[in-house]
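The data blocks that follow each hold one structure.
You will see chain A twice below: alongside chain B first, and alongside chain C after that.
The block that comes next holds the complex of A and B.
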């Protein structure tokens, strides 16, 4: 056996070892361990990706002396290893982008715990990507949930504690439903290994007593994962969790954690139930409807928001809606579009969070829109990053968001009337709504402060909206500037994010081809 | 004499003979009666919640009704599903007759060397899942640390943090009982950890017992005495050693197994204490980690540090 086949298992175990060892190390060493771990996993995933691409089929790796179904196994093809590579890129950029804020947001004596949490979160994401066993998936979903809670509340103020409690309650509900579903599936089929469950399900007679329990079990698993990835009616925990946590946490949670659950759901669709079975059942139609509602309601909430980070968080609700709408289209092309949107959203949303922090930094830490006026002139890199992210979200050509919207339109136009019309109409409305709130923000951050006139400052004093800008004697304190040379790492991260976004938009054909081969290997 | 008075309820035998912690100032202050508290509460509720908002009231009412109806509906669906699931105890159900459980039961002893099939299953066949499960404990301690850990300087300055406001200090009854019980509990815990491959038990349950013994000791003799043998340094060393040991044994097992290299850890004779291949060392590691987690939870909740 080639040594490359060990790499996925090694990357999962390396993350766990790094977490264990970091818990006893000083914070600076922990940070170095964390950064080098992400780079290591990226390199290992890249090697695996190239290997599987050349091999042309997925590889089964037995974890231990005993083959599955008795032991554990992981299975990887092009899609899995490519996803792991993509996740490590986003993870690295999110950690580096939030690095300069770490000392403000996290207490120094607890910073080492942050790296422990991130390492374990990464291991659980990798395990969710690679595993071929439902119970292993559940164990790592648990790790993922607790680590995400810790990432939210490590920035200690009242709002994050409240957000973490909300997140924990909703997320544990999701885990509980997932576990119930897994248990029922085991009871009916006698297996926990995904491929074996699929075989056993195929032999269940359509008239026997097991059809309804199977449907309930699938429904429970799907609902559990929908709650955890914040589909529309279950999204109320999301704005606080993303809006008030540290910037790295917000970027990781929005772009990786929810995507890990969605990837597990895709896996359950393809490997456990079989895509034809799920496409013929009515479950996907329900997901379609809720996806459509999420696209509208998330954008409407974002328009009403007066806090830039909460606005970006609400935009996530809408984007998750796009992904589920793609599932709901019920054919393979919808699935490909959804997976492309997972990539596009992950790249764009983390960039928006990281740019937004640069903008609020030069506005005395205020996130209100009125204080952000002209902030793009004070921090040019962050402004450009936010502009590119917004354009990508709205669907401007050249960026990744355009391709995913185009894909969705393309797939929708080939559907039956009952699905095509709502999909196209809602896509149109949602794009307009996206444009409203993102362009409003872009205009706001590029409006120079002087142009607003001197009476602005007086108005501020009168209404007391910006207490921070007005000193004790009523003297207007000018906001500070951040230049590229002062924060080189931050600037480079933003530039890399832009490059990644443009790469996703320009090389979309090869990426879609990759997703297609990956899905073929997947089932 | 004293006993009779105590028995008749005339006076408390223990009063005056027991060294109590000095009461805190805020404790001496007269506490408000229940009536006053209720009035305060109503005033507060009236201030916070607008009573006159009819729409909000209606919404709350509808919300509750829908929630109850939804829960009843969900319960009915689940009961219906369960009634359609395979019977418990029937040997022909898919879960009982599948190849998976058959091999665990029939070849488990031979392949894992453990007379306890469950230990063989979770620590040999599915060792990777259990490693994940142990990491769940590890990460939950990290999260509790984020929430409750106090700065070390404060902990050193106020040494009596967590000694309890209302409990007697150096309670002699508790100390005598603890002196007798703690060694027994420790030995029992160690027995359960080491016997995991032979009888019901293993790292998780034995570790919980060890942790309970440590909590009893800390309760009876105070944290300063416990720190003589178990402070933060020992805790970190024990935790990291245990998890790394499990990780190393596990990685050896997974990677050797996956590459088709023979396992060189001897299985031993089934039934002997040194048997079961990788089960015994993993059990010890898990036991250590669980004991540390239990005690750390207690200490963090009690005083915000070890």
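The block that comes next holds the complex of A and C.
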């Protein structure tokens, strides 16, 4: 079984290799390569996961047998390999779920590029999960940024170009700060490998002159990653980037890319700085406050939104806020709750994006709420998907969001009062806000269209009427219906998403146990 | 008698839920077949429910265990029995009534009738789930489900008004539940477990005013000053209080009056709103325990608000001219009677609360049904349109008059019994605020007389110069509506005259003997 140790490295390299060869392959072959790559990585991660689970400790894998400080290291335990497995599942579902839209969204001659970019993105995500070297992490952060920009921009319309430029500027700012932080840490400690840095930091005397530079270095790294993962107030790039890109890109960006950075941040907390050090610094309190503000402001923006995709995107801002609030709670339980929320949000948000596209498809591509009226009856699978996703977001029992909420509240109830009450109140308010915008949408998509006719005439006048629905002669053309049998793959993807969500909600006990052991192996 | 198998609980909850889903799936050839099917399911559930109530199984039935302290479990204790008995008594009658009523409600713009009956029947199962929950988590889960299954019922007519009302209802309920959930989390951490047991699950040290943590969950350094938990109780009270329409969270209830009458009558006078009251009784007496709360701000703040709500609901009802909305405001006020009883935090208070929960259910459903009968037969929705109807719809208005007197608290009818018990509890508690509450009860009785009798007087004694011919074409509704009226009248009179048995039973419940 020693061979399994190579698997993480193999999966990263396989992704990069696939990206390289896909650039010369026809688009159909590229697609096959991409899908089989995701499945392959999933299998490799599963094997690694089982291997580490049996081993009971994390493994340091020295690339090319060159020991530090010359060589590069990969380190993986239960948490890393499990996360890689989870990412592969979400990746696969997002790609398959958006597959039928590909021909509308991406020009045929550019489609092969899409797969190249996804392969690259996947490799960088895996590298962020596995690497034990800060500088390697930085390199893959950059690869990630460029691939993500491409994924936003590949759908050629004006808004995506603007969105991609915004994303690029903000992301580069983030990675610039990260690089500065890494350089300062290197300056102070003389190492780039995470475990070595930690040893060096432990020897820094608390009264010496290095304490403050180190604090600044940590702050720079944290701010850099916060910008990249769209923590309030650095979220302005997010709604456009998620709202206008192709559906698969939106699902992947919202559920995986931002989570990759957050995972790197967790790693920096545990491996580079040491959790006790970071917990005693004030940095987590700042994250706590911004997390709370994000939870409220993200939801408020989502309520104002009149476009379903942008609404879901703004909801991500709030959910990222939950994760940072969990960090800010400053103990290991908060960390566990946050990691669970990473999983829960990734599973739910990608499902919402994929369902939303099914709903807009049957509403002549319009994403305005008024046109989505009754869309859940026209595409039943998408409607159910959206309903389940919304309920999970609101924290309805038996879905994954409920467990997140339960975890966060559970941790909050044992904190000091200055953190407990704000956390509880904001959690409560944020649930109300979530309920407002998600339930509004659910009611809207389940209100039958033909029956709205009479009521709408009095209430909201012609301004909102869908132009395309009224044909040339003023004859009302009924929108298309999408049945399960026409879109089998799409239907199956939604069903799998629902199953994943329920599984997270019901088997939460074992998942939390897994996160716990993972975190123990982590440091 | 040997206790029944625990599996009966599952059967009780699943029967109406699966039966409700069946309404969607079975293609009924005729409407009457569907009605028979729904009635059979409902009556079977009620029979099953009474059967279980009279032969209660021993111990809990654990369905799922998530984590050690979080599980889904069912058991009927005394209070659950009372609530389950109430809804099992009312549901078949309400379904029967709905068959006639819904003929008039369905239009080409509204949802289908199967949607209504499907969800209506499912709601029965969910409410039974709340009644039979053995711990707070189970109750919370069913409580959330209740919010969800009642949405299609409120939005039924699909008018803009109904959509807005549904939204308000959803936001209020889901938001309230989130704050109720905070209370749940605290109880799970600081209580011994989440099971309901009379007297509470907290480990309270009255001398140092500290709630001690049970050794299993957290370490002793987490002992909590009791005031923090009292604050959390307020979260729970107002969170669950949303469904009970405590001011200022009451505006959803009058708005939801746009729903079909069987919904406003059964759900917004009994099942949904009393689930809220039931939940508050649960957390007050069975989870937090009165020891921690009594005599502190956790008792006074809610009580002051509840007393205000009693008067507020009545005065709004007097002002309101829409017949059903007037009754809805009356419900707001009467629900706070129940909460007032709960907040007295003594066994007698609990007797008052439980008896008002029972009797108000019967009285209010009866008056709502009369309003619904008027709407189906005449299409009149406002109080000032009711002139002279007492002569042409004598049976309906006889029922309405009796329920009005009962709501006012006239001796000899059941409303008197519950008000008497509430006042007795308030006086015996020796709590100054509760004395003010008694005053509020009196004011409220006066206002109730105004807003209910106004209807009665208009119906029987129209103004001079009233054109009698204009109402002559109206008549009493059919037997499906009249049978429930008869049964309700008998119940109101019977319990008004022979209340010993039921008060004795409630006494046992409040003492934890039943």
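What we mean here is this: the second predicted complex is superposed on the first by the 511 of 523 C-alpha atoms of A that agree within 3 Å, B and C clash if a C-alpha of one lies under 4 Å from a C-alpha of the other, contacts with A are read in each partner's own complex, and residues count from 1 in each chain.
The rule we apply is simple: a residue touches a chain if its C-beta (ideal position, glycine included) is under 8 Å from a C-beta of that chain, and two chains touch if they have at least 3 such contacts.
Just so we're clear, the structure is a prediction, and the values are computed from it rather than from any experiment.
Asker: Following the superposition defined at the top, how do chain B and chain C come out on chain A, clash or fit?
Answerer: They fit side by side.
Asker: Between chain B and chain C, whom does A:147 touch in the aligned arrangement: first, second, both, or neither?
Answerer: first
Asker: Give me the angle at the C-alpha centre of chain A between the C-alpha centres of chain B and chain C, rounded to the nearest 10 degrees.
Answerer: 160
Asker: With both complexes superposed on chain A, which partner does A:414 reach: first (chain B), second (chain C), both or neither?
Answerer: Second partner only.
Asker: Determine, for the superposed model, which of the two partners chain B and chain C contacts more residues of chain A.
Answerer: Counted on chain A, the partner with more touching residues turns out to be B.
Asker: Counting only touches as set out at the top, which of chain B and chain C does A:72 meet: first, second, both, neither?
Answerer: After superposing on A, A:72 lies in contact with chain B but is clear of chain C.
Asker: Going by the contact rule set out at the top, does A:19 touch chain B (first), chain C (second), both, or neither?
Answerer: first
Asker: In the overlay, answer first, second, both or neither for which of chain B and chain C A:243 touches.
Answerer: Neither: A:243 stays clear of chain B and chain C.
Asker: Return first, second, both or neither, reflecting whether A:42 touches chain B, chain C, both chains, or no partner chain.
Answerer: Once the two structures are laid over each other on A, A:42 reaches no partner at all.
Asker: So if I take every C-alpha atom in chain B and every one in chain C after superposing, what is the smallest distance between them in Å?
Answerer: Nearest C-alpha pair, chain B versus chain C: 34 Å apart.
Asker: Per the definitions at the top, what is the overlap between the chain A residues touching chain B and those touching chain C?
Answerer: Of chain A, no residue contacts chain B in one complex and chain C in the other.
Asker: Under the touch definition given earlier, write down the residues of chain B that touch chain A in their complex.
Answerer: 77-78, 80-81, 84-86, 93-101, 103-104, 111, 124-129, 131-133, 135-136, 138-140, 142-143, 145-147, 149, 151-152, 236-237, 239-240, 243-244, 247, 250-251, 253-260, 263
Asker: Would you mind writing out the residues of chain A in touch with chain C in their complex?
Answerer: Going by the criterion above, the answer is residues 391, 394-398, 405-406, 409-410, 412-414, 417, 424, 427-429, 431-432, 435-436, 439-440, 443, 447-448, 451-452, 454-455, 458-459, 506, 508-509.
Asker: Give the list of chain A residues in touch with chain B in this complex.
Answerer: Residues in contact with chain B: 1, 5-6, 9-10, 13, 16-17, 19-21, 23-24, 61-66, 69-72, 109-110, 113, 116-117, 120, 123, 127, 133, 135-136, 139-140, 142-143, 146-147, 149-150, 153-154, 156, 180, 184, 186-192, 200, 209-210, 212-213, 216-217.
Asker: Enumerate the contact residues on chain C facing chain A in the complex.
Answerer: 66-67, 70, 108-111, 140-141, 144-145, 148, 151, 155, 158-160, 163, 166-167, 170-171, 174-175, 178-179, 181-182, 185-186, 188-190, 218, 222, 228, 235, 239
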